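Accompanying notes for the structure given below.
Residue numbering begins at 1 within each chain, and the chains themselves are lettered A, B, C, D, E and F in the order written.
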Amino acid sequence: MKKVEAIIRHFKLDDVKNALSEQGVFGMTVIEVAGYGRQKGHTETYRGTEYAVDFVPKKKIEIVCSDENLQKVIDTILRTAQTGQIGDGKIFVTNLEDSIRIRTGETGQDAI
Amino acid sequence: MKKVEAIIRHFKLDDVKNALSEQGVFGMTVIEVAGYGRQKGHTETYRGTEYAVDFVPKKKIEIVCSDENLQKVIDTILRTAQTGQIGDGKIFVTNLEDSIRIRTGETGQDAI
Amino acid sequence: MKKVEAIIRHFKLDDVKNALSEQGVFGMTVIEVAGYGRQKGHTETYRGTEYAVDFVPKKKIEIVCSDENLQKVIDTILRTAQTGQIGDGKIFVTNLEDSIRIRTGETGQDAI
Amino acid sequence: MRTYFLRGLLACALVGLIATQFLVTSVVAQTTTEASPEVSEPREVVPVEAGNTNEVEVPEEEAPGLDSGDNAWMLTSSALVLFMTAPGLAMFYSGLVRKKNVLGVMMQCLFLMGLMTVVWSLWGYTLSFGGDHPYIGNMEFLFMENVQPAYDAELGEPVTPMHGTIPEYTFMLFQGMFFIITPALICGAFAERMKFSAMAVFSILWGTLVYCPLCHWVWDGGILAYGEPSSLAGGALDFAGGTVVHISSGISALVCAIFVGKRLGYGHDDMRPHNLTYTTLGAAMLWVGWFGFNAGSAGAADALASNAFAVTHFSAAAGAVAWALMEWIQRGKPSVLGCASGAVAGLVCITPAAGFVLPMPALAMGAAAGIVCYYTCTVLKQQMGYDDSLDAFGVHGVGGTLGAVLTGVFATRNVMGGEPIGLYEGGGVSLLIGQVVAVLVTVAFSVFATAFLLKLIDVLIGLRVTQESEIRGLDISEHGEEGYIFS
Amino acid sequence: MRTYFLRGLLACALVGLIATQFLVTSVVAQTTTEASPEVSEPREVVPVEAGNTNEVEVPEEEAPGLDSGDNAWMLTSSALVLFMTAPGLAMFYSGLVRKKNVLGVMMQCLFLMGLMTVVWSLWGYTLSFGGDHPYIGNMEFLFMENVQPAYDAELGEPVTPMHGTIPEYTFMLFQGMFFIITPALICGAFAERMKFSAMAVFSILWGTLVYCPLCHWVWDGGILAYGEPSSLAGGALDFAGGTVVHISSGISALVCAIFVGKRLGYGHDDMRPHNLTYTTLGAAMLWVGWFGFNAGSAGAADALASNAFAVTHFSAAAGAVAWALMEWIQRGKPSVLGCASGAVAGLVCITPAAGFVLPMPALAMGAAAGIVCYYTCTVLKQQMGYDDSLDAFGVHGVGGTLGAVLTGVFATRNVMGGEPIGLYEGGGVSLLIGQVVAVLVTVAFSVFATAFLLKLIDVLIGLRVTQESEIRGLDISEHGEEGYIFS
Amino acid sequence: MRTYFLRGLLACALVGLIATQFLVTSVVAQTTTEASPEVSEPREVVPVEAGNTNEVEVPEEEAPGLDSGDNAWMLTSSALVLFMTAPGLAMFYSGLVRKKNVLGVMMQCLFLMGLMTVVWSLWGYTLSFGGDHPYIGNMEFLFMENVQPAYDAELGEPVTPMHGTIPEYTFMLFQGMFFIITPALICGAFAERMKFSAMAVFSILWGTLVYCPLCHWVWDGGILAYGEPSSLAGGALDFAGGTVVHISSGISALVCAIFVGKRLGYGHDDMRPHNLTYTTLGAAMLWVGWFGFNAGSAGAADALASNAFAVTHFSAAAGAVAWALMEWIQRGKPSVLGCASGAVAGLVCITPAAGFVLPMPALAMGAAAGIVCYYTCTVLKQQMGYDDSLDAFGVHGVGGTLGAVLTGVFATRNVMGGEPIGLYEGGGVSLLIGQVVAVLVTVAFSVFATAFLLKLIDVLIGLRVTQESEIRGLDISEHGEEGYIFS
């Protein structure tokens, strides 16, 4: 099994989620993150004091899927999360040793 | 070393944490997440506009432990986080290459 | 490629970020987390009801880097995030199978 | 547990009734010999009547004209008292619950502003202030008749019914604001678990069957009115609602808390207040609004209003400091929640006394309230183990009772005129007895009536939301909304 | 879409004008035969003038002295009306937008408090209330001349110009608060996408060219003033601003919403209110502040003020309950947002009628407003598909129109004196026609003027922020700040 | 750094004293020749005394009766001024700190509402307004003696001491609200790092030893009172507290900021305001409450109150617009924080002048305050490098000084009557000199006294929390609570 972590733009979450569901991928976990990269942040001023805010709010999606589903998941995300502008984000893939469904104790494939 | 990521119900955190401490597992990192899966969300209406909220608030626990502790950790979580209802969550296990304690620079086992 | 996850003190983020940029590491993703470990929490009382708050707010930095950059990244974090007090945090390293830049579809090294 | 409690309360209620009977009889002689002369004398009664009451001695034929200053102050006071319910109480209460129930609490306050006002305009006011039957109001003000202006063919112009120097309208409005906040206070007891529908039905019935009679008894020449021949033990002084508002709501709150039962996970889950900034701001708003509540109960912008304003301010201040100091001493840190709770406790305690006591006793009353309520909410509650979510009983029930009793101690001719009246200035115990009797009657009546209403509603539509709804939170399950969407 | 709408509106506006012409002519006879006698009679006009108007019959030489009670109430009312714009409206509105635009909305309210006040002090007041030209005010109050006190050499002391029993100062201040909130209401329509600079310019122009004339027409003896010989169809009753404030802002809001266009991602993105606790608290503050708005429009702390206060309170209550019940029936859950919106709808609807109707009709008007506005904001808006972000039109435009019309139905001699006047008490249709005409004129004028101003500003500086700014949010892009920093 | 500053301040303070001496002597002739005749004439002094002062010329034997309108307005104003401290200032300040200190700031405001009120009721009021010793009040009002009503055996009824047309009670309450907010303003300077215990002790001592004397000097016929023979340089006009409230607190704030030292990580850590929505709402509440502060200082609901209300409103408006425009010009974006700060600056600046100037000068004063304070808080503060967390000095110290001086320029007989008085209308420099002297004396006194008190407390209990506490935040370390629990 693989764990796909995708860092995407805030407002792309719904599109990605829906596209994945259509693809039959029904589970994911989403996290609010702050991203730092090529995309430039902005500056704020409070009574003359300037703050450079380098972090951009992003959403991080974690999807655990079977090896055969991996490509499908990646393609779907690429397709739906892309705007072509700097800051679209990244997809990271790691190998998963095991997964368990707490409710039933099922492990491996059946757990997801 | 292994990294255990468990997505559990909001109100189960304390139980899990206490159970783990009893088991001698004293470190963990917790993250607020929004989960999407079999458990259905709810709908909200604001002045006639309906929103289907598919994401359910969950807690994600990250625990790094030695290989021998792995099973103990998993069992403890399974035991304490379970309600039997859809939405209990998952446990994911990945392999960890190294871990370092920032304060001391200790690495590997000693770091956790 | 490696994925470095560092759990650091709240107010160390800027220092770490700047130090890393100087080292030419320009990308990272930051997450608000609550940490449980040796560092003791505090207690709160509301109209006589006591609550032991065991979790301490921390920042988790995720950095994906090439294998050759790994040591540099780790050293930089160790140097800048250290206070010597209990609660400085941890660094965890996992192996990354692949990384993709959503904007361009580039993979591997070029993606980061 | 629950039943055990209920028994206890009903018992104490019975004791109350008996005690009352006993006292009444035992006191009659005394009353007729010393108390009544002092109260029959018009002079002394005047300030009392300046209190939150409908008795205006002025004969109709030569009624005084409208005093724009008095009307200005009473309209302002009415606005201030509404301001207490929301934003005031809405913030104070909603900050104390968990995030998932914040709207549920605010909704109770806001919806009651609408619901109770409609009830008041239709039958609430007339049941409270119509006629002078000792037990309940008549229909003279039904649907605002005799409150609203009417075109007088002879004069060829509209005539507005007056209430002393202000329009009956203004008095009705001011009183109507009390009718809103009293049930809203009770909501603190069953917050986070009560069905919204049950809350609504309960409020209508409680307002009609508990508040209106009580209000009539105390402020419209009923069986608890001070200085009425028909009154029990000579009646009680209640300037702005110690019995009518705070004891009644506080006691009913306790009954509700026990009846509805504890919140899921009470004592185990993390139930810390989700937004103490709201609670603090709400407390400050209550403090400000309370000036309308108490000083407005003078019915005019006169010296009595200034006295009420001053003692209210002082008592709140003493309460805030006292509670904070208690915490400081006992656990090393004064808390904002403690300071806010203390201020409210002080305000509750001075409410029945505001038009009868002087500043220094007010400081004492506030401090006493701060300390006593601190113990109730921290020690006592833990021991008894009921789940009064927001301490409606601990603050309003206990603070109100304390205030009602201390009024019997500190009430003084220096404010009211006449013979010495309070225990402290040598006025004897007759007033004190009257106060105690009024408290007991109010407690007894509130316990019985509330228990009955809850039972009824429980049978009809059920009091409590489902487990799943409670876990998910009332905002989503009862109202289909979320309070904060910050992501 | 956009053009289609505009056409529609302009069309309806034209219809309005024609209808007006027709009605005016057709009614003249009638008016002169029945309407005018009744309005020419001073006696009856008095209460009307007690409304939000500048006409004070009292001859200068024997002006009445300053009444401290009236002045106290009017100063308090002025404070209450400012309180409505911020914190009131600022909370009510800002809670409804997304987190990234919360400061943008608050800034509009706060900045307008400054900007419109400066405009008012310089030329706004004199254009609204100077002289008695039927179309526009003269320069008598320019730069506060004849409002501010002046040293009288003979008397050897300063003399303050009076307005009835209060200083002209006080009246100017009270009216000035209306001048702030009216454009602030419009901001609800283009929230989350309008350029701040465009908003500022628009507000100055709209205030000067739309509000001031309208205000003069209705409240300073202009072409819509009630009982003026020169008035269209006998003029209209508008106690506290149904036409001047709510219809004008509501209709202009609709034009803005259409003209500026929908928010990016409207109907697709998650646009849930980010902080309904603010919206609820804001609604409660509006409710409280509205007592100043309506009861203050009596110009004194008299019986009329009490009447206005009471009907305002009742209408708000009925509106809150009605909207909540509609939701309860139609989707099984009453919502806090619905309850809050209903309260505001009820307040808007009673505004023009507050000094002319009795409590029971007020309950009816509030309930009607709750139901009608509920349909506009839920059903109608969906169908028509315009993006009035915060329903400024749905609540203020529709509620204000409903109120203006119902005033013609429920206005009664019981409050105003004189002959029967409203349709309901058998006063005939003449008043109703006057009300309708005033509505049509206001709508027509608002549509034309607003459309023109928007076009102008669009050409000059552009109305809308860039896509990128809109996505990032106005707080950062327009003001370089963030509302909440909780991490 | 710290010491360097202190030296500087002490130096300037000395200069102040010397300058004072010089001016006093140099002015005597002038004063006696032109200033005094104009001030000895009762007629002119009246409006001045209508200011926030205890001098009521009316002989006791034929005191005027209670005016319900005046009392209504003064009670309302008292409520408004309390409303300024909390929720107003509590929101304005707490929004500007970091999340971890939000309760710490709110607690300071709420606790001071309690603490300072107790002090005021015991000895504060009498030290401020008792008797007419030039330097300090006597004991006539100790423990509310001669303020509270007393039973008069002859009359057989209670008698309430009067203060002009209102009860002494009301005046005492109104003044008491000032006693609360003044130390609360200082808290802005040492926010986020001061020990709560130190804050409490400091406030009691500062209130007693700094505020009370100053208040007595300016408003109770002391050495700075206008038109008193004993006054320095003829005394100064201070309608509502430019010197007593704003300069004293602003200067003391600066001393505190320097003495307590910078916050950990100042200039390095992220110290952005955690909740600007609170700050914006708080500013709006301050604006509304300030009407009570300034217009209430008229002591009655008369024309002077209306004048004060109007100029206060205009100055705030001009300040808000001016600061926002400065930002717009200088960095391309107007900010909400700027707009809010500007409004407060305008309000501060007009405070001493509210009862003496006309609307147009008020616009000028507000704009000037907006610009000057903008520079102080942005440019000057950066350069000098002190850490006045919430700019208590930059806004109140600077704005108050500006206002006090401009009062000498714009004060006019058109409001005050009598001879030309302000520089602008040709009244000569005597008033201006009096104003400057009063400012210098206030600055000198505040610097010395505050520095002394801080030193004392530092030695006794220490001023600052531990490093660890500061990092963790005052909410948890000082109060054991958290402000928001949203997870």
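We take it that a residue touches a chain if its C-beta (ideal position, glycine included) is under 8 Å from a C-beta of that chain, and two chains touch if they have at least 3 such contacts.
A quick note: this is a predicted structure, and the numbers were derived from the prediction, not measured.
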* Common touching chains of chain F and chain C -> A, D
* Determine, among A-F, A-E or B-E, the equivalent of interface C-F; equivalence here requires over half of the contact pairs to be the same by residue number. => A-E
* Residue numbers at the chain A-chain B interface: does the shared fraction exceed half, giving same, or fall under half, giving different? -> different
* Chain pair with the higher count of C-beta pairs in contact (A-C, E-F) -> E-F
* Measuring from the mean C-alpha position of chain C to the mean C-alpha position of chain E, what distance in angstrom results? -> 54
* Asked: In whole angstrom, how far does the Cα centroid of chain B sit from the Cα centroid of chain D?
  -> 48
* At least two other chains touched by the same residue of chain B: list those residues. => 31-32, 34, 44-46, 94-95
* Residue numbers of chain F (touch at least two other chains) -> 67-70, 72-73, 76, 270, 272-273, 301, 331, 333, 335, 337, 480-482, 484, 486-487
* Structure fact -> Pairs of chains in contact here are A-B, A-C, A-E, A-F, B-C, B-D, B-E, C-D, C-F, D-E, D-F, E-F
* In the complex formed with chain F, which residues of chain D make contact? -> 43, 47, 67-70, 72-73, 76, 80, 99, 270, 272-277, 280-281, 283-285, 287-288, 291-292, 295, 300-303, 305-307, 309-310, 313-314, 316-321, 324, 331, 333-337, 339-340, 342-343, 358-360, 363, 412-417, 484, 486
* Residue ranges of chain C touching chain B (in the complex, touch as defined) -> 2, 6-8, 31-38, 54-55, 58, 60, 74, 77-78, 81-95
* Given the complex with chain F, which residues does chain C contribute to the contact? -> 11, 14, 34, 42-46
* To do: Quick one: which bits of chain C touch chain D in the complex? Just the residue numbers, please.
  => 44-49, 51
* chain A partner contacts - residues on chain E that touch it in the complex -> 265, 268-270, 471-472, 476, 480-482, 487
